[in-house]
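Both complexes shown next keep chain A, but they swap its partner, so chain B is in the first and chain C is in the second.
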Partner chain A sequence: MSSSSSGNVGIVIVSHSPKIAEGAADMVRQMVGSAVPLAWTGGDVDGGLGTNVAGILAAIETAWSPAGVAILVDLGGAETNSEMAVEMLAEDRRARVVVCNAPVVEGAVIAATESSGGSPLAAVKRSAEEFYA
Partner chain B sequence: MHDGNVTRAAQTFVPLTASAVLVNKVGLHARPSVKLTQCAKGFAAKIELALAAGGPWTDAKSPVKVMRVKAPQGATLHFRVTGSDAKAALAAVLALVHDGFGEA
Partner chain C sequence: MSLDREARERLVRALARSVIEHADELTSLDQAIGDGDHGLNMKRGFEAVLAALPDLADKSLPEMLKVIGMTLVMKVGGASGPLVGTFFMELGKALPEQSTRADLVAATEKAINAVKVRGRSEAGQKTLLDVLVPVQAVLAGGGDAKAIAAEAVQAADRTIPMLAIRGRASFLGERSVGHMDPGSRSASLLIRAAVETLESEVDS
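And now, the complex of A and B:
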(Lines of atoms letter the chains of each structure in order from A and count residues from 1; the text may use other names and numbers.)
(Lines give C-alpha, C1' and ligand atoms only; values in the text may rest on other atoms or scores of the structure.)
Protein backbone atom coordinates (compact mmCIF):
# COMPACT_ATOMS: atom_id res chain seq x y z
CA MET A 1 0.00 0.00 0.00
CA SER A 2 1.69 3.15 -1.06
CA SER A 3 1.43 6.59 -2.44
CA SER A 4 4.22 8.80 -3.66
CA SER A 5 2.13 11.73 -4.76
CA SER A 6 4.17 14.34 -2.96
CA GLY A 7 7.25 15.30 -1.03
CA ASN A 8 5.40 14.86 2.24
CA VAL A 9 6.91 12.83 5.08
CA GLY A 10 6.17 9.12 4.67
CA ILE A 11 4.45 7.09 7.37
CA VAL A 12 5.28 3.45 8.21
CA ILE A 13 3.08 1.43 10.54
CA VAL A 14 4.67 -1.55 12.31
CA SER A 15 2.54 -3.87 14.43
CA HIS A 16 2.94 -7.44 15.67
CA SER A 17 -0.40 -8.07 13.99
CA PRO A 18 -0.71 -7.52 10.24
CA LYS A 19 -4.42 -6.90 10.80
CA ILE A 20 -3.73 -4.04 13.19
CA ALA A 21 -1.11 -2.57 10.87
CA GLU A 22 -3.40 -2.78 7.86
CA GLY A 23 -6.39 -1.46 9.81
CA ALA A 24 -4.42 1.50 11.12
CA ALA A 25 -3.30 2.22 7.54
CA ASP A 26 -6.94 2.08 6.41
CA MET A 27 -7.81 4.67 9.06
CA VAL A 28 -5.02 6.95 7.87
CA ARG A 29 -6.15 6.66 4.26
CA GLN A 30 -9.79 7.33 5.06
CA MET A 31 -9.26 10.13 7.59
CA VAL A 32 -6.27 11.90 6.13
CA GLY A 33 -6.39 11.03 2.44
CA SER A 34 -3.76 10.01 -0.04
CA ALA A 35 -1.37 12.96 0.05
CA VAL A 36 0.99 11.06 2.32
CA PRO A 37 3.24 8.12 1.36
CA LEU A 38 2.12 5.24 3.58
CA ALA A 39 3.11 1.62 4.15
CA TRP A 40 2.42 -0.99 6.79
CA THR A 41 4.00 -4.22 7.91
CA GLY A 42 3.15 -6.78 10.56
CA GLY A 43 3.75 -10.39 11.47
CA ASP A 44 6.88 -12.51 11.65
CA VAL A 45 8.41 -14.30 8.65
CA ASP A 46 6.28 -17.40 9.34
CA GLY A 47 3.07 -15.41 9.28
CA GLY A 48 2.58 -15.44 13.05
CA LEU A 49 2.35 -12.49 15.39
CA GLY A 50 5.58 -10.55 15.45
CA THR A 51 7.67 -8.21 13.38
CA ASN A 52 10.57 -8.72 11.03
CA VAL A 53 13.36 -6.42 9.93
CA ALA A 54 13.04 -7.27 6.23
CA GLY A 55 9.37 -6.37 6.24
CA ILE A 56 10.10 -3.08 7.98
CA LEU A 57 12.87 -2.25 5.49
CA ALA A 58 10.49 -2.96 2.61
CA ALA A 59 7.83 -0.72 4.18
CA ILE A 60 10.35 2.11 4.61
CA GLU A 61 11.27 1.71 0.95
CA THR A 62 7.60 1.84 -0.09
CA ALA A 63 6.83 4.93 1.97
CA TRP A 64 10.13 6.64 1.19
CA SER A 65 10.05 10.38 0.75
CA PRO A 66 12.88 12.89 0.41
CA ALA A 67 11.29 14.57 3.43
CA GLY A 68 11.89 11.41 5.48
CA VAL A 69 9.83 8.67 7.08
CA ALA A 70 8.16 8.48 10.50
CA ILE A 71 7.64 4.97 11.91
CA LEU A 72 4.82 4.16 14.32
CA VAL A 73 5.22 0.95 16.33
CA ASP A 74 3.24 -1.01 18.87
CA LEU A 75 5.16 -3.11 21.40
CA GLY A 76 8.79 -4.01 22.26
CA GLY A 77 9.96 -6.02 19.26
CA ALA A 78 8.32 -3.68 16.81
CA GLU A 79 10.43 -0.88 18.22
CA THR A 80 13.74 -2.78 18.42
CA ASN A 81 13.28 -4.30 14.95
CA SER A 82 12.41 -0.87 13.57
CA GLU A 83 15.54 0.60 15.11
CA MET A 84 17.52 -2.28 13.62
CA ALA A 85 15.98 -1.63 10.20
CA VAL A 86 16.89 2.06 10.45
CA GLU A 87 20.50 1.13 11.27
CA MET A 88 20.62 -1.03 8.14
CA LEU A 89 19.63 1.85 5.86
CA ALA A 90 22.16 3.65 3.73
CA GLU A 91 23.82 6.40 5.70
CA ASP A 92 22.22 9.25 3.78
CA ARG A 93 18.76 7.86 4.54
CA ARG A 94 19.34 6.86 8.14
CA ALA A 95 19.14 10.41 9.46
CA ARG A 96 15.80 10.92 7.75
CA VAL A 97 13.94 8.07 9.45
CA VAL A 98 12.60 8.32 13.00
CA VAL A 99 10.71 5.96 15.30
CA CYS A 100 7.95 7.86 17.12
CA ASN A 101 7.16 7.38 20.78
CA ALA A 102 3.40 7.36 20.23
CA PRO A 103 0.44 4.96 20.21
CA VAL A 104 0.39 3.19 16.87
CA VAL A 105 -3.14 3.94 15.64
CA GLU A 106 -3.57 7.47 16.96
CA GLY A 107 0.04 8.32 16.26
CA ALA A 108 -0.26 7.19 12.64
CA VAL A 109 -3.35 9.31 12.03
CA ILE A 110 -1.87 12.38 13.70
CA ALA A 111 1.54 11.97 12.05
CA ALA A 112 -0.14 11.64 8.66
CA THR A 113 -2.32 14.69 9.35
CA GLU A 114 0.77 16.73 10.18
CA SER A 115 2.59 15.36 7.12
CA SER A 116 -0.34 16.10 4.81
CA GLY A 117 0.10 19.79 5.62
CA GLY A 118 3.67 19.65 4.39
CA SER A 119 5.30 19.74 7.83
CA PRO A 120 8.93 18.59 8.21
CA LEU A 121 9.87 15.28 9.85
CA ALA A 122 10.59 16.80 13.27
CA ALA A 123 7.14 18.40 13.40
CA VAL A 124 5.47 15.16 12.31
CA LYS A 125 7.24 13.26 15.11
CA ARG A 126 6.50 15.96 17.69
CA SER A 127 2.81 16.02 16.78
CA ALA A 128 2.45 12.23 17.05
CA GLU A 129 4.22 12.30 20.40
CA GLU A 130 1.81 14.90 21.79
CA PHE A 131 -0.33 11.95 22.85
CA TYR A 132 2.14 11.17 25.61
CA ALA A 133 2.81 14.81 26.40
CA MET B 1 14.02 54.98 9.10
CA HIS B 2 10.58 53.72 8.29
CA ASP B 3 11.53 50.04 8.76
CA GLY B 4 10.43 49.95 12.36
CA ASN B 5 6.89 50.96 11.53
CA VAL B 6 6.63 48.54 8.63
CA THR B 7 7.82 45.67 10.81
CA ARG B 8 5.41 46.54 13.56
CA ALA B 9 2.52 46.77 11.11
CA ALA B 10 3.38 43.35 9.72
CA GLN B 11 3.56 41.69 13.11
CA THR B 12 0.61 43.18 14.91
CA PHE B 13 -2.58 41.98 13.29
CA VAL B 14 -5.84 42.52 15.04
CA PRO B 15 -7.35 39.10 15.76
CA LEU B 16 -10.50 38.30 13.81
CA THR B 17 -13.16 36.37 15.69
CA ALA B 18 -16.32 34.55 14.72
CA SER B 19 -18.34 31.59 15.89
CA ALA B 20 -20.31 28.75 14.37
CA VAL B 21 -22.48 25.96 15.75
CA LEU B 22 -21.31 22.38 15.25
CA VAL B 23 -24.04 20.73 13.19
CA ASN B 24 -22.51 17.35 12.40
CA LYS B 25 -23.67 14.46 14.59
CA VAL B 26 -20.37 13.34 16.06
CA GLY B 27 -19.21 16.85 16.96
CA LEU B 28 -15.51 17.59 16.82
CA HIS B 29 -14.34 13.97 17.00
CA ALA B 30 -11.43 12.37 15.22
CA ARG B 31 -12.34 12.74 11.57
CA PRO B 32 -13.64 16.33 11.76
CA SER B 33 -10.63 17.28 13.89
CA VAL B 34 -8.32 16.01 11.18
CA LYS B 35 -10.24 17.92 8.51
CA LEU B 36 -10.20 21.11 10.55
CA THR B 37 -6.48 20.93 11.29
CA GLN B 38 -5.68 20.13 7.66
CA CYS B 39 -7.69 23.17 6.62
CA ALA B 40 -6.04 25.35 9.28
CA LYS B 41 -2.56 24.27 8.26
CA GLY B 42 -3.20 25.68 4.80
CA PHE B 43 -2.96 29.19 6.21
CA ALA B 44 -0.12 31.18 7.68
CA ALA B 45 -2.40 32.81 10.25
CA LYS B 46 -2.51 31.66 13.85
CA ILE B 47 -5.87 29.93 14.23
CA GLU B 48 -7.36 29.10 17.61
CA LEU B 49 -10.69 27.72 18.72
CA ALA B 50 -12.62 27.62 21.98
CA LEU B 51 -15.99 26.58 23.36
CA ALA B 52 -16.51 30.03 24.89
CA ALA B 53 -15.85 33.53 23.59
CA GLY B 54 -13.35 34.10 26.37
CA GLY B 55 -11.38 30.91 25.79
CA PRO B 56 -9.45 28.87 26.83
CA TRP B 57 -8.02 28.85 23.32
CA THR B 58 -6.75 25.77 21.53
CA ASP B 59 -4.35 25.69 18.58
CA ALA B 60 -6.54 24.67 15.63
CA LYS B 61 -3.49 23.34 13.77
CA SER B 62 -2.88 20.60 16.36
CA PRO B 63 -5.13 17.57 15.76
CA VAL B 64 -4.36 16.15 19.21
CA LYS B 65 -5.34 19.39 20.96
CA VAL B 66 -8.45 19.86 18.82
CA MET B 67 -9.65 16.33 19.64
CA ARG B 68 -9.10 16.99 23.34
CA VAL B 69 -11.62 19.85 23.21
CA LYS B 70 -14.28 17.13 22.71
CA ALA B 71 -16.79 19.62 21.35
CA PRO B 72 -20.19 17.90 20.93
CA GLN B 73 -22.90 18.51 18.33
CA GLY B 74 -24.72 21.76 19.10
CA ALA B 75 -21.69 23.36 20.72
CA THR B 76 -20.69 26.81 19.56
CA LEU B 77 -17.16 26.93 18.25
CA HIS B 78 -15.42 30.25 18.62
CA PHE B 79 -12.50 31.04 16.36
CA ARG B 80 -9.77 33.60 16.85
CA VAL B 81 -7.55 34.12 13.83
CA THR B 82 -4.48 36.33 13.61
CA GLY B 83 -2.31 36.95 10.58
CA SER B 84 -2.02 38.30 7.06
CA ASP B 85 -4.41 35.71 5.61
CA ALA B 86 -6.72 35.69 8.65
CA LYS B 87 -9.79 36.68 6.69
CA ALA B 88 -9.51 33.81 4.23
CA ALA B 89 -8.56 31.39 7.01
CA LEU B 90 -11.57 32.36 9.10
CA ALA B 91 -13.90 32.01 6.11
CA ALA B 92 -12.47 28.56 5.35
CA VAL B 93 -12.81 27.11 8.86
CA LEU B 94 -16.30 28.58 9.27
CA ALA B 95 -17.37 27.06 5.94
CA LEU B 96 -16.06 23.70 7.11
CA VAL B 97 -18.07 23.87 10.35
CA HIS B 98 -21.23 25.09 8.60
CA ASP B 99 -20.86 22.26 6.11
CA GLY B 100 -20.69 19.73 8.97
CA PHE B 101 -17.21 18.76 7.74
CA GLY B 102 -18.85 17.14 4.77
CA GLU B 103 -20.68 14.71 7.04
CA ALA B 104 -24.35 14.24 7.76
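And now, the complex of A and C:
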Protein backbone atom coordinates (compact mmCIF):
# COMPACT_ATOMS: atom_id res chain seq x y z
CA MET A 1 0.00 0.00 0.00
CA SER A 2 1.34 3.40 -0.88
CA SER A 3 0.19 6.98 -1.05
CA SER A 4 1.18 10.45 -2.09
CA SER A 5 0.01 13.94 -1.41
CA SER A 6 -1.53 15.91 -4.24
CA GLY A 7 -4.85 17.37 -5.16
CA ASN A 8 -5.36 14.80 -7.89
CA VAL A 9 -7.99 12.06 -7.84
CA GLY A 10 -6.80 9.07 -5.83
CA ILE A 11 -6.67 5.58 -7.30
CA VAL A 12 -7.47 2.39 -5.37
CA ILE A 13 -6.74 -1.02 -6.85
CA VAL A 14 -8.75 -3.99 -5.54
CA SER A 15 -7.90 -7.49 -6.67
CA HIS A 16 -8.59 -10.95 -5.27
CA SER A 17 -4.83 -11.42 -5.47
CA PRO A 18 -2.56 -9.10 -3.46
CA LYS A 19 0.17 -9.82 -6.03
CA ILE A 20 -1.99 -8.52 -8.87
CA ALA A 21 -3.05 -5.47 -6.86
CA GLU A 22 0.53 -4.64 -5.93
CA GLY A 23 1.79 -5.31 -9.45
CA ALA A 24 -0.87 -3.07 -10.97
CA ALA A 25 0.09 -0.36 -8.48
CA ASP A 26 3.73 -0.72 -9.57
CA MET A 27 2.64 -0.16 -13.17
CA VAL A 28 0.68 2.92 -12.15
CA ARG A 29 3.68 4.34 -10.28
CA GLN A 30 5.89 3.74 -13.28
CA MET A 31 3.48 5.82 -15.36
CA VAL A 32 2.64 8.69 -13.01
CA GLY A 33 5.27 8.61 -10.26
CA SER A 34 3.93 10.17 -7.09
CA ALA A 35 1.59 12.62 -8.85
CA VAL A 36 -1.47 10.57 -7.86
CA PRO A 37 -2.50 9.25 -4.43
CA LEU A 38 -2.50 5.48 -4.82
CA ALA A 39 -3.34 2.45 -2.70
CA TRP A 40 -3.92 -1.22 -3.35
CA THR A 41 -5.55 -4.05 -1.46
CA GLY A 42 -6.07 -7.72 -2.15
CA GLY A 43 -6.82 -10.96 -0.36
CA ASP A 44 -9.37 -12.04 2.22
CA VAL A 45 -8.95 -11.35 5.94
CA ASP A 46 -6.95 -14.57 6.34
CA GLY A 47 -4.58 -13.72 3.50
CA GLY A 48 -6.13 -16.10 0.96
CA LEU A 49 -7.42 -15.06 -2.45
CA GLY A 50 -10.42 -12.76 -2.06
CA THR A 51 -11.32 -9.24 -1.10
CA ASN A 52 -12.39 -7.67 2.15
CA VAL A 53 -14.29 -4.53 3.08
CA ALA A 54 -11.90 -3.45 5.85
CA GLY A 55 -8.95 -3.60 3.48
CA ILE A 56 -10.83 -1.58 0.88
CA LEU A 57 -11.84 1.05 3.45
CA ALA A 58 -8.21 1.34 4.56
CA ALA A 59 -7.06 1.71 0.94
CA ILE A 60 -9.61 4.46 0.30
CA GLU A 61 -8.31 6.24 3.38
CA THR A 62 -4.71 5.92 2.18
CA ALA A 63 -5.49 7.19 -1.33
CA TRP A 64 -7.93 9.85 -0.12
CA SER A 65 -7.96 13.11 -2.03
CA PRO A 66 -10.36 16.04 -1.83
CA ALA A 67 -10.88 15.44 -5.56
CA GLY A 68 -12.19 11.94 -4.79
CA VAL A 69 -11.10 8.37 -5.33
CA ALA A 70 -11.59 6.02 -8.29
CA ILE A 71 -11.60 2.30 -7.46
CA LEU A 72 -10.55 -0.32 -10.01
CA VAL A 73 -11.68 -3.88 -9.30
CA ASP A 74 -11.21 -7.30 -10.83
CA LEU A 75 -14.05 -9.82 -10.38
CA GLY A 76 -17.52 -9.90 -8.76
CA GLY A 77 -16.68 -9.99 -5.07
CA ALA A 78 -14.15 -7.18 -5.48
CA GLU A 79 -16.88 -5.03 -6.97
CA THR A 80 -19.55 -5.98 -4.42
CA ASN A 81 -17.17 -5.48 -1.50
CA SER A 82 -16.00 -2.15 -2.93
CA GLU A 83 -19.59 -0.91 -3.29
CA MET A 84 -20.25 -2.02 0.28
CA ALA A 85 -17.16 -0.14 1.46
CA VAL A 86 -18.26 3.02 -0.35
CA GLU A 87 -21.64 2.87 1.38
CA MET A 88 -19.93 2.60 4.74
CA LEU A 89 -17.97 5.83 4.22
CA ALA A 90 -19.00 9.02 5.96
CA GLU A 91 -21.70 10.77 3.96
CA ASP A 92 -19.50 13.66 2.84
CA ARG A 93 -17.02 11.22 1.29
CA ARG A 94 -19.46 8.75 -0.24
CA ALA A 95 -20.32 10.88 -3.26
CA ARG A 96 -16.63 11.36 -4.06
CA VAL A 97 -15.74 7.69 -4.46
CA VAL A 98 -16.62 5.72 -7.58
CA VAL A 99 -16.14 2.11 -8.66
CA CYS A 100 -15.03 1.99 -12.31
CA ASN A 101 -16.36 -0.58 -14.73
CA ALA A 102 -13.00 -1.27 -16.36
CA PRO A 103 -10.28 -3.94 -16.43
CA VAL A 104 -8.26 -3.63 -13.24
CA VAL A 105 -4.73 -3.27 -14.61
CA GLU A 106 -5.41 -1.27 -17.76
CA GLY A 107 -8.11 0.76 -16.04
CA ALA A 108 -5.82 1.68 -13.15
CA VAL A 109 -3.05 2.88 -15.44
CA ILE A 110 -5.42 4.88 -17.65
CA ALA A 111 -7.33 6.36 -14.71
CA ALA A 112 -4.10 7.37 -12.98
CA THR A 113 -2.76 8.95 -16.15
CA GLU A 114 -5.96 10.97 -16.51
CA SER A 115 -5.81 11.93 -12.83
CA SER A 116 -2.17 13.02 -13.08
CA GLY A 117 -3.26 15.72 -15.54
CA GLY A 118 -5.58 17.17 -12.94
CA SER A 119 -8.85 15.84 -14.40
CA PRO A 120 -11.91 15.64 -12.14
CA LEU A 121 -13.28 12.33 -10.83
CA ALA A 122 -15.92 11.94 -13.54
CA ALA A 123 -13.32 12.30 -16.29
CA VAL A 124 -10.98 9.84 -14.58
CA LYS A 125 -13.78 7.26 -14.37
CA ARG A 126 -14.85 7.89 -17.95
CA SER A 127 -11.36 7.52 -19.37
CA ALA A 128 -10.91 4.15 -17.65
CA GLU A 129 -14.32 2.91 -18.78
CA GLU A 130 -14.17 4.18 -22.34
CA PHE A 131 -10.78 2.82 -23.23
CA TYR A 132 -12.10 -0.73 -23.61
CA ALA A 133 -15.72 0.10 -24.37
CA MET B 1 -42.70 -12.81 18.01
CA SER B 2 -40.53 -11.84 20.92
CA LEU B 3 -37.36 -13.77 21.56
CA ASP B 4 -35.87 -13.79 25.03
CA ARG B 5 -32.15 -13.81 25.55
CA GLU B 6 -31.95 -17.58 25.67
CA ALA B 7 -33.85 -17.89 22.38
CA ARG B 8 -31.65 -15.30 20.71
CA GLU B 9 -28.51 -17.17 21.72
CA ARG B 10 -30.06 -20.44 20.54
CA LEU B 11 -30.83 -18.79 17.20
CA VAL B 12 -27.27 -17.50 16.73
CA ARG B 13 -25.78 -20.88 17.58
CA ALA B 14 -28.14 -22.71 15.23
CA LEU B 15 -27.43 -20.33 12.33
CA ALA B 16 -23.68 -20.63 12.83
CA ARG B 17 -23.78 -24.40 13.25
CA SER B 18 -25.81 -24.86 10.07
CA VAL B 19 -23.11 -23.19 7.99
CA ILE B 20 -20.02 -24.40 9.84
CA GLU B 21 -21.14 -28.05 9.78
CA HIS B 22 -21.76 -27.84 6.04
CA ALA B 23 -18.65 -25.84 5.13
CA ASP B 24 -17.08 -28.72 3.19
CA GLU B 25 -20.27 -29.32 1.23
CA LEU B 26 -20.56 -25.60 0.38
CA THR B 27 -16.96 -25.54 -0.73
CA SER B 28 -17.41 -28.54 -2.97
CA LEU B 29 -20.55 -27.01 -4.55
CA ASP B 30 -18.54 -23.84 -5.16
CA GLN B 31 -15.60 -25.78 -6.60
CA ALA B 32 -17.96 -27.15 -9.23
CA ILE B 33 -19.13 -23.79 -10.58
CA GLY B 34 -17.25 -21.05 -8.72
CA ASP B 35 -13.96 -20.28 -7.04
CA GLY B 36 -14.34 -22.82 -4.25
CA ASP B 37 -14.20 -20.45 -1.32
CA HIS B 38 -17.85 -20.27 -0.26
CA GLY B 39 -17.66 -22.84 2.56
CA LEU B 40 -14.50 -21.39 4.06
CA ASN B 41 -15.74 -17.81 3.70
CA MET B 42 -19.11 -18.47 5.33
CA LYS B 43 -17.47 -20.54 8.07
CA ARG B 44 -15.07 -17.71 8.87
CA GLY B 45 -17.97 -15.25 9.03
CA PHE B 46 -20.11 -17.35 11.32
CA GLU B 47 -17.17 -18.23 13.57
CA ALA B 48 -16.75 -14.48 14.04
CA VAL B 49 -20.48 -14.25 14.85
CA LEU B 50 -20.13 -17.04 17.43
CA ALA B 51 -17.14 -15.26 18.93
CA ALA B 52 -19.41 -12.25 19.58
CA LEU B 53 -21.48 -14.37 22.00
CA PRO B 54 -22.53 -14.10 24.77
CA ASP B 55 -22.69 -10.28 24.46
CA LEU B 56 -24.38 -10.55 21.07
CA ALA B 57 -27.46 -12.18 22.60
CA ASP B 58 -27.78 -9.38 25.18
CA LYS B 59 -28.86 -7.08 22.39
CA SER B 60 -32.42 -6.72 21.17
CA LEU B 61 -33.29 -8.89 18.18
CA PRO B 62 -33.04 -6.04 15.64
CA GLU B 63 -29.71 -4.86 17.07
CA MET B 64 -28.41 -8.42 17.16
CA LEU B 65 -29.32 -8.94 13.50
CA LYS B 66 -27.55 -5.73 12.53
CA VAL B 67 -24.36 -6.80 14.33
CA ILE B 68 -24.52 -10.25 12.71
CA GLY B 69 -24.88 -8.56 9.32
CA MET B 70 -21.97 -6.20 9.87
CA THR B 71 -19.79 -9.06 11.13
CA LEU B 72 -20.58 -11.07 7.99
CA VAL B 73 -19.85 -8.07 5.76
CA MET B 74 -16.45 -7.59 7.37
CA LYS B 75 -15.39 -11.24 7.71
CA VAL B 76 -16.92 -13.39 4.97
CA GLY B 77 -15.34 -11.76 1.92
CA GLY B 78 -16.33 -12.82 -1.57
CA ALA B 79 -19.60 -11.48 -2.87
CA SER B 80 -21.43 -13.48 -0.20
CA GLY B 81 -20.23 -11.25 2.64
CA PRO B 82 -21.98 -8.12 1.40
CA LEU B 83 -25.00 -10.09 0.13
CA VAL B 84 -25.76 -12.21 3.21
CA GLY B 85 -24.56 -9.40 5.48
CA THR B 86 -26.89 -6.92 3.81
CA PHE B 87 -29.81 -9.30 4.35
CA PHE B 88 -29.18 -9.50 8.11
CA MET B 89 -28.46 -5.77 8.48
CA GLU B 90 -31.59 -4.71 6.61
CA LEU B 91 -33.71 -7.27 8.47
CA GLY B 92 -32.44 -5.75 11.72
CA LYS B 93 -33.22 -2.24 10.50
CA ALA B 94 -36.74 -3.17 9.40
CA LEU B 95 -37.88 -5.32 12.36
CA PRO B 96 -39.44 -3.66 15.39
CA GLU B 97 -38.36 -4.99 18.79
CA GLN B 98 -41.73 -6.59 19.41
CA SER B 99 -42.61 -7.94 16.03
CA THR B 100 -45.66 -9.65 14.64
CA ARG B 101 -45.66 -12.10 11.80
CA ALA B 102 -46.77 -9.26 9.53
CA ASP B 103 -43.69 -7.31 10.63
CA LEU B 104 -41.51 -10.27 9.74
CA VAL B 105 -43.12 -10.56 6.31
CA ALA B 106 -42.56 -6.86 5.63
CA ALA B 107 -39.00 -6.86 7.01
CA THR B 108 -37.91 -9.91 5.01
CA GLU B 109 -39.30 -8.31 1.86
CA LYS B 110 -37.28 -5.16 2.52
CA ALA B 111 -34.14 -7.17 3.28
CA ILE B 112 -34.53 -9.20 0.08
CA ASN B 113 -34.97 -6.03 -1.97
CA ALA B 114 -31.74 -4.71 -0.46
CA VAL B 115 -29.97 -7.93 -1.51
CA LYS B 116 -31.32 -7.47 -5.05
CA VAL B 117 -29.94 -3.94 -5.18
CA ARG B 118 -26.58 -4.97 -3.70
CA GLY B 119 -26.16 -7.80 -6.21
CA ARG B 120 -27.98 -6.05 -9.06
CA SER B 121 -29.85 -9.29 -9.48
CA GLU B 122 -33.31 -10.82 -9.46
CA ALA B 123 -34.61 -14.32 -8.81
CA GLY B 124 -33.99 -16.69 -11.73
CA GLN B 125 -30.26 -15.97 -12.09
CA LYS B 126 -29.02 -18.89 -9.95
CA THR B 127 -28.21 -16.95 -6.81
CA LEU B 128 -29.32 -16.93 -3.18
CA LEU B 129 -32.32 -14.89 -4.34
CA ASP B 130 -33.70 -18.11 -5.83
CA VAL B 131 -34.12 -19.33 -2.26
CA LEU B 132 -34.90 -16.06 -0.48
CA VAL B 133 -37.69 -14.97 -2.83
CA PRO B 134 -39.79 -18.18 -2.91
CA VAL B 135 -39.29 -18.81 0.81
CA GLN B 136 -40.44 -15.29 1.59
CA ALA B 137 -43.51 -15.93 -0.56
CA VAL B 138 -44.38 -18.99 1.58
CA LEU B 139 -43.90 -16.90 4.71
CA ALA B 140 -46.07 -14.12 3.31
CA GLY B 141 -48.70 -16.65 2.24
CA GLY B 142 -49.10 -17.90 5.79
CA GLY B 143 -47.02 -21.09 5.56
CA ASP B 144 -46.02 -22.71 8.83
CA ALA B 145 -42.45 -23.48 9.93
CA LYS B 146 -42.46 -26.88 8.22
CA ALA B 147 -43.67 -25.41 4.93
CA ILE B 148 -41.02 -22.68 5.07
CA ALA B 149 -38.23 -25.15 5.80
CA ALA B 150 -39.45 -27.48 3.04
CA GLU B 151 -39.56 -24.64 0.52
CA ALA B 152 -36.01 -23.62 1.46
CA VAL B 153 -34.73 -27.10 0.60
CA GLN B 154 -36.78 -27.41 -2.59
CA ALA B 155 -35.86 -23.93 -3.79
CA ALA B 156 -32.14 -24.72 -3.47
CA ASP B 157 -32.74 -27.95 -5.41
CA ARG B 158 -34.49 -25.96 -8.14
CA THR B 159 -31.27 -24.02 -8.80
CA ILE B 160 -29.63 -27.23 -10.12
CA PRO B 161 -31.01 -26.98 -13.68
CA MET B 162 -30.70 -23.19 -13.77
CA LEU B 163 -28.27 -21.29 -15.97
CA ALA B 164 -26.14 -18.87 -13.94
CA ILE B 165 -26.57 -15.25 -15.03
CA ARG B 166 -24.81 -13.52 -12.10
CA GLY B 167 -21.68 -14.31 -10.14
CA ARG B 168 -18.61 -16.36 -10.89
CA ALA B 169 -20.71 -19.31 -12.12
CA SER B 170 -22.01 -17.20 -15.00
CA PHE B 171 -18.51 -17.40 -16.57
CA LEU B 172 -19.21 -21.09 -17.13
CA GLY B 173 -22.31 -20.45 -19.23
CA GLU B 174 -24.09 -23.72 -20.02
CA ARG B 175 -21.65 -25.64 -17.82
CA SER B 176 -23.25 -24.02 -14.76
CA VAL B 177 -26.36 -26.11 -15.47
CA GLY B 178 -26.62 -29.30 -13.41
CA HIS B 179 -25.05 -27.98 -10.21
CA MET B 180 -26.73 -26.50 -7.15
CA ASP B 181 -25.90 -22.86 -6.51
CA PRO B 182 -23.70 -22.72 -3.37
CA GLY B 183 -25.22 -19.42 -2.21
CA SER B 184 -28.70 -20.90 -2.50
CA ARG B 185 -27.57 -23.88 -0.45
CA SER B 186 -26.15 -21.73 2.35
CA ALA B 187 -29.27 -19.54 2.36
CA SER B 188 -31.39 -22.68 2.58
CA LEU B 189 -29.32 -24.02 5.49
CA LEU B 190 -29.64 -20.73 7.39
CA ILE B 191 -33.39 -20.50 6.83
CA ARG B 192 -33.95 -24.07 7.93
CA ALA B 193 -31.85 -23.52 11.06
CA ALA B 194 -33.80 -20.35 11.86
CA VAL B 195 -37.28 -21.80 11.44
CA GLU B 196 -36.44 -25.02 13.27
CA THR B 197 -35.08 -23.03 16.21
CA LEU B 198 -38.00 -20.62 16.24
CA GLU B 199 -40.74 -23.06 15.24
CA SER B 200 -43.04 -22.19 18.12
CA GLU B 201 -42.63 -18.45 17.53
CA VAL B 202 -43.03 -18.72 13.74
CA ASP B 203 -46.25 -20.69 14.09
CA SER B 204 -47.77 -18.45 16.74
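One rule holds for everything that comes next: the second predicted complex is superposed on the first by the 131 of 133 C-alpha atoms of A that agree within 3 Å, B and C clash if a C-alpha of one lies under 4 Å from a C-alpha of the other, contacts with A are read in each partner's own complex, and residues count from 1 in each chain.
By our rule, a contact is a pair of C-beta atoms (placed from the backbone, for glycine too) under 8 Å apart; a residue touches a chain by one contact, two chains touch by 3 or more.
Computed from a prediction, not measured in an experiment: that's the story for all the values here.
Novice: Assess the superposed three-chain arrangement around chain A: do chain B and chain C clash, or do they fit?
Specialist: fit
Novice: Going by the contact rule set out at the top, does A:G77 touch chain B (first), chain C (second), both, or neither?
Specialist: The second partner, chain C, only.
Novice: If we overlay the two complexes on their shared chain A, which of chain B and chain C does A:S116 touch? Say first, second, both or neither.
Specialist: first
Novice: State whether chain B or chain C is in contact with more residues of chain A in the superposed arrangement.
Specialist: Of chain B and chain C, more residues of chain A lie in contact with C.
Novice: Touching A:S127 in the superposition: chain B (first), chain C (second), both, neither?
Specialist: The answer is first: A:S127 touches chain B but not chain C.
Novice: Which holds for A:M31: it touches chain B only (first), chain C only (second), both, or neither?
Specialist: Touch partner of A:M31: chain B, not chain C.
Novice: So in the superposed three-chain picture, is A:L49 touching just chain B, just chain C, both, or none of them (first/second/both/neither)?
Specialist: second
Novice: Chain B and chain C, closest CA-CA distance after overlay, in Å?
Specialist: 26
Novice: Please name which positions on chain C make contact with chain A in the complex.
Specialist: Going by the criterion above, the answer is residues 35, 37, 40-41, 44, 73-75, 77-83, 85-86, 118-119, 167-168.
Novice: Taking the complex as given, what residues does chain B use to touch chain A?
Specialist: Where chain B meets chain A, its residues are 30-31, 34, 37-38, 41-42, 61-65.
Novice: For the complex, which residues does chain A have touching chain C?
Specialist: Per the touch definition, chain A meets chain C at residues 16, 44-46, 48-54, 75-77, 80-81, 83-84.
Novice: Within the complex, which stretch of chain A touches chain B?
Specialist: The contact residues of chain A facing chain B are 31-32, 109-110, 113-114, 116-119, 127, 130-131.
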